[in-house]
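Labels A, B and C are assigned to the chains in the order they are written; within every chain, residues are numbered from 1.
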Amino acid sequence: MENILFILTYIAVSASAISGALEARKNEMDIVGAMTIAFVTAFGGGTIRDLLLGRTPIFWVVDPLFSIVTFFVAFITFYRFNNFPTHLLNVPDAIGLSVFSILGATYAMQLNLSGIVAILMGVITGIFGGVLRDLLCNRVPNVFRHSTELYATCSFIGTGIFILLIWLQINPFIASVVGGFVILSLRLLSVQFKITLPKP
Amino acid sequence: MENILFILTYIAVSASAISGALEARKNEMDIVGAMTIAFVTAFGGGTIRDLLLGRTPIFWVVDPLFSIVTFFVAFITFYRFNNFPTHLLNVPDAIGLSVFSILGATYAMQLNLSGIVAILMGVITGIFGGVLRDLLCNRVPNVFRHSTELYATCSFIGTGIFILLIWLQINPFIASVVGGFVILSLRLLSVQFKITLPKP
Amino acid sequence: MENILFILTYIAVSASAISGALEARKNEMDIVGAMTIAFVTAFGGGTIRDLLLGRTPIFWVVDPLFSIVTFFVAFITFYRFNNFPTHLLNVPDAIGLSVFSILGATYAMQLNLSGIVAILMGVITGIFGGVLRDLLCNRVPNVFRHSTELYATCSFIGTGIFILLIWLQINPFIASVVGGFVILSLRLLSVQFKITLPKP
């Protein structure tokens, strides 16, 4: 079980690092920029969550493997991946949204915070890596644009279901799997059918 | 007394949430963007203050009412307020600047920090919500532009007077009211008479 | 020895404050903007480092002298320095990169963190002031652009040498001086000979 979570986490981290490094190349950055954007995309959400919850030192400060993998992936991506087909990132990125959201909500519940705050922590963990990436690339965050397919919404709904199941005393492992699966499938369906949120 | 502070706080939070949601709509964001910008505008300053002071978990993580009110106001604003007359926000926004500045300085003094740092914490609490809103909307923060009427300056002067009165052993309640009133009236006068800071 | 560190720190803080205030003036900000950008340029990197490590209250919150010097320098720069020759900032800015990087890595090692994280903390301390300055001025951070001379790279190499020497049980004072000197000279050579990182 722990092994599956470990593998899913590093798939998600690698997808974030690749997307960050590609974004950096598009913005005429050098390898320092690419590594930083990759890092921020992969760990920005979890870092903000831990700062808000007071969980310091931050997780990637304590475990150097996160940094090593991210920098390695960013380096390869920056210097070797020409014309990388970005649609290949859709599935691993959705895995990341799913894993990070459920993890974020779990940490909040370990501190006995209210359900709505736990959902919020899940969403923040899931989306703020991309928000910080877009800030550093000097543009309005993609996840906030009305032309973007459902992203935070998937995290919100799936994390909400996860919290509801926990509240109904369902086994936490089953609750995580159900919540995570909802996020993953909602996200992939939204991309497939270009579902967006209603405009004002 | 606590009730008045409670009411003033939620007036200020609602004004920030409305201004954030309107800004999001102007920038072609969806409701996720609107809720996030509303949240960041309302609580960004206090969040940065608490992070700097080490007061974690952050206030809005502990009390879910803040999130609920902000999301509700942002939702209504985004989908229902067409052509909202933004000048209506001037007074509640100035109330927010006033309440948040005095609160920020008070928290700093509870940690026995120096007067200048307490003033700084007041100003940061008062203005950084708007700064983060503008960052996420990808523009130079409005409060820093030389064409903007006095804003941080009002917070600086009023918080300074508050700290001075405390230092002179005036009753803290009276000191807060005087300091807060100075901020509120300076800000409203600046808007009315378009007072800006001297250029270089 | 402590006196030399004190003097070097304030030389670096002043250079950052001058560069921040000049940048603010270029972006049509007022004195509030100039003081904020100066502050963020001088202390942004150290603030992020301390937040990540959980060292709160932050250093400049505890010691008001940092704020006083920065605001004073920013004020003078904003209102008095017309046509300031920015190349004069190259040496003090490189001193700052050097001092802040070594300090950042030292704090990380005091918490018994791994070598790679200590290097990362050195680089973050050295470069994130400028990154935040550029974010607030609404542009892609200069240090990430491929046309920029080596900056983070100098910090990375010098901090790496410092960590290596510590690991080899060399006297920490000597290790700091060697690491810091490498950063300073690499940076000045890069500016002189316009050395940049290889493109993809």
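Some observations on this one:
Everything that follows uses one rule, which is that contacts are C-beta pairs under 8 Å (C-beta built on N, C-alpha and C of every residue); 3 or more make two chains touch, one makes a residue touch a chain.
Computed from a prediction, not measured in an experiment: that's the story for all the values here.
Looking at which positions face the partner, chain B and chain C present mostly different ones, since fewer than half of the interface numbers are shared. Fitting chain A to chain B on C-alpha positions gives a rotation angle of 120 degrees, to the nearest 5.
The centroid of the Cα atoms in chain B and the matching centroid in chain C are 30 Å apart. Under the contact definition stated at the top, the residues of chain A that touch 2 or more other chains are 51, 135, 138.
Within the complex formed with chain B, the chain A residues making contact are 51-54, 108, 111, 113-117, 120-121, 131, 135, 138-141, 143-148, 151-153, 196-200.
For chain C in complex with chain B, the residues that touch the partner chain are 24-25, 27-33, 36-37, 47, 51, 56-58, 60-62, 64, 67-68, 78-79, 82, 135-138.
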